[in-house]
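What follows is chain A paired twice: with chain B in the first complex and chain C in the second.
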Partner chain A sequence: MKLIRTIAVAGLLLAAGFAVPRLCATEIPQAERRSGYTFMSPDTKAIQDDDTANPGMLWVLDGEALWKRKTGTADKACADCHEDARASMKGLAARYPAYDKTLGRPVNLEQRINLCRAQHQQATPLPYESRDLLALTAFVAQQSRGMPITAGADPQLEPFVAKGRDTFMRRQGQLNLGCTNCHNDNWDKHLAGSAVTQALPTGYPLYRLEWQSLGSLQRRLRNCMTGMRTQIYDYGAPELVELELYLMSRAHDMPIETPAVRP
Partner chain B sequence: MASALINVPKKAKRGDIIEIKTLMSHIMETGYRRTATGELVPRDIITSFSCRYNGVEVFRADLFPAIAANPFITFFTVATESGKFDFEWIGDQGFTETASAAISVE
Partner chain C sequence: MWLAAAGLTLARAASAQELRPYTITGDSIAESLTGAPGDAVHGRALVLERTSTCILCHSGPFPEEKFQGDLAPSLAGAGSRWSIGQLRLRLVEASRLNPATIMPSYYRVDGLERVGTAWRGKPILTAEQIEDIVAYLATLRD
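And then the complex of A and B:
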């Protein structure tokens, strides 16, 4: 809640032209990209760096248990088909959201897991932000830790990356702000106490100290949208998946940190 | 479901000061928050944590509503002999969890 208020106040300042050195959106050069991690205090970095201090690991361990648990009418566990996640899921999160042929559009990791629940386990899809879905997603994504992000490279995804980029660049909402005005133009500044950062989604799902919980990238995006007082898309909306895809393509080659920790 | 993450050195020399780290999964609901309809959300916190080293208590803490979710408690003790650390968390609404970790001391 604190951040939302902060964004709204700072947004008003930005909109009023107090702190906007340039209005045209400039993209961040490859060599200057920095993970949100690099903006954190040494104390918060220490939490992420130590797997016995990082609360995100609680979800990863839950996810590992769920991976092996039989469920649904098919009475099958993820492990029955995908066996050892350390091998079968390695590098996978680095290329998500990925193009789904049947749907003809990109799906994110949460949606892909729910497709398997529905089609292969014949179980009901897990709700967004539920503990079980976050746990499975964190467990799958953790298998890609340290691996370079490649999402968006598939040529079939081009139009969707472009749509996500448009949402990022477009001024919107009551404050008439674009994501770019904070995350490209003012990433080296602060909004009250918070570093603005470059919005590179290297560590999702991640443990946010403010949430006191693990949360998805979509939760983070909806937070920023609340702050911008713009239309907040529903969890799973194509617009949010396209935005995720664009953000991941912007983080091309940066290592996955899941489960990361952020303030 | 996974509830605790414990970090105790597997080995130590007799007399070494060792750091013990524990992380317990818990929502730590303060009891002060209300729902959208104004109903008080009942308090649900861990109230006490203790650690025994071969049966002898070496650390204890009381916890209160201002402590964040998933409490991370670290402390130091002296490695005196090989054996076992037993951890216990007790809280509201009948919450109890235990965990243990072995150490070998040379």
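And then the complex of A and C:
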């Protein structure tokens, strides 16, 4: 469907006498997509490969404990409704951000967890990037490890994916760069010492050696936005969720690595 | 065409008070933005400074610097390939020479979207800094 539309648009442009590709040509062909993992040194790969060496597993273990702990005025644990996460949460993170009917827009995994806290546990929301929210998110996402990403497939999400794509393509900030300038056009290059990578969010939340901590995809996006010297979106802003959604849709069918490790 | 371009530059300089006016002739800006030549030694230090952003993308003859980018051509020999005026326009507004370039325009404040408050209304480099860097680049001859 999408392909047909692209071809139709290309045809129109051709008819109008424009040179076509530019826009479409910059996107990474399916077969050339590579996880950030493949850009890492053997030493850093080894940390991700071994659960006993991967510091992200400490958050996963914390998350498992929190999953079973009763909280809020409802005095309920996640496990009281969802039981064994190994069964009930399997594959869930591969579909997030997902459409929320009540809100009429996509929510990411952290927001879903906080919606559950508010609605079913009658507990206060956990702050973004807090140890507990990262731990619960990592624990839930780890249940999808190895499963193919399907986020963005829901047709209701189409306009939000498109908005995320627009943010990705648009030049912004004092340096006047778009995400696409680095991550579609220069992913085989290096920004100072760092491999640029294709910005495929396969392993979040992940442990970054630079952060010495687990961190969310939004933290990473805000880092890149600081580098571009843009006006940075707040955690949880619709624009960031749309960007997450678009990035996940670009990673369609790639396996989840949570908790991944990155340099 | 270059006349029209020069007109645009004047309008731009007027809209941003702190930018000094300059004139583009052909593919260069012949005159110093400050009216004086830059300091090449200071220019080298500026190129290596992270906040100038040059070596995020470029490499060059900087043996002491371990992390240099490869998103752009090496700066080595830039002074043999380009005149001072051409280097100056490249820094002031590289997109004038290649509209699709990823190289930022270092002396420009308008036509930008969502600039963070810390940087809004300011060019990436001052006129003095640009002159120092241009003076340094001109010394890079093969």
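Here is the rule we go by: the second predicted complex is superposed on the first by the 238 of 263 C-alpha atoms of A that agree within 3 Å, B and C clash if a C-alpha of one lies under 4 Å from a C-alpha of the other, contacts with A are read in each partner's own complex, and residues count from 1 in each chain.
The working rule: a contact is a pair of C-beta atoms (placed from the backbone, for glycine too) under 8 Å apart; a residue touches a chain by one contact, two chains touch by 3 or more.
The model shown is predicted, which means the values in this text are computed figures rather than measured ones.
When the two structures are aligned on the shared chain, A:Ala65 is found in touch with chain B, with no touch to chain C. When the two structures are aligned on the shared chain, A:Gln172 is found in touch with chain C, with no touch to chain B. The partner of chain A that touches more of its residues, comparing chain B with chain C, is C.
After overlaying the two complexes on the shared chain, residue contacts for A:Arg229 are found with chain C alone; chain B is out of touch.
Shared-chain residue A:Lys189: touches chain C; no touch with chain B. In the superposition on chain A, A:Ala118 makes contact with neither chain B nor chain C.
Look at A:Ala162: by the touch rule set out above, it reaches neither chain B nor chain C.
Those residues of chain B lying in contact with chain A across their complex are 1-3, 5-7, 21, 23, 25, 27-28, 68-70, 72. Those residues of chain A lying in contact with chain C across their complex are 170-177, 181-182, 185-186, 189-193, 196, 226, 229-232. Interface of chain C with chain A (complex): residues 53, 55-57, 66-71, 95, 102, 104-105, 112-120, 122, 124. Touching chain B in their complex are the following residues of chain A: 47, 50-53, 55, 57-58, 61-62, 64-65, 209, 212-213.
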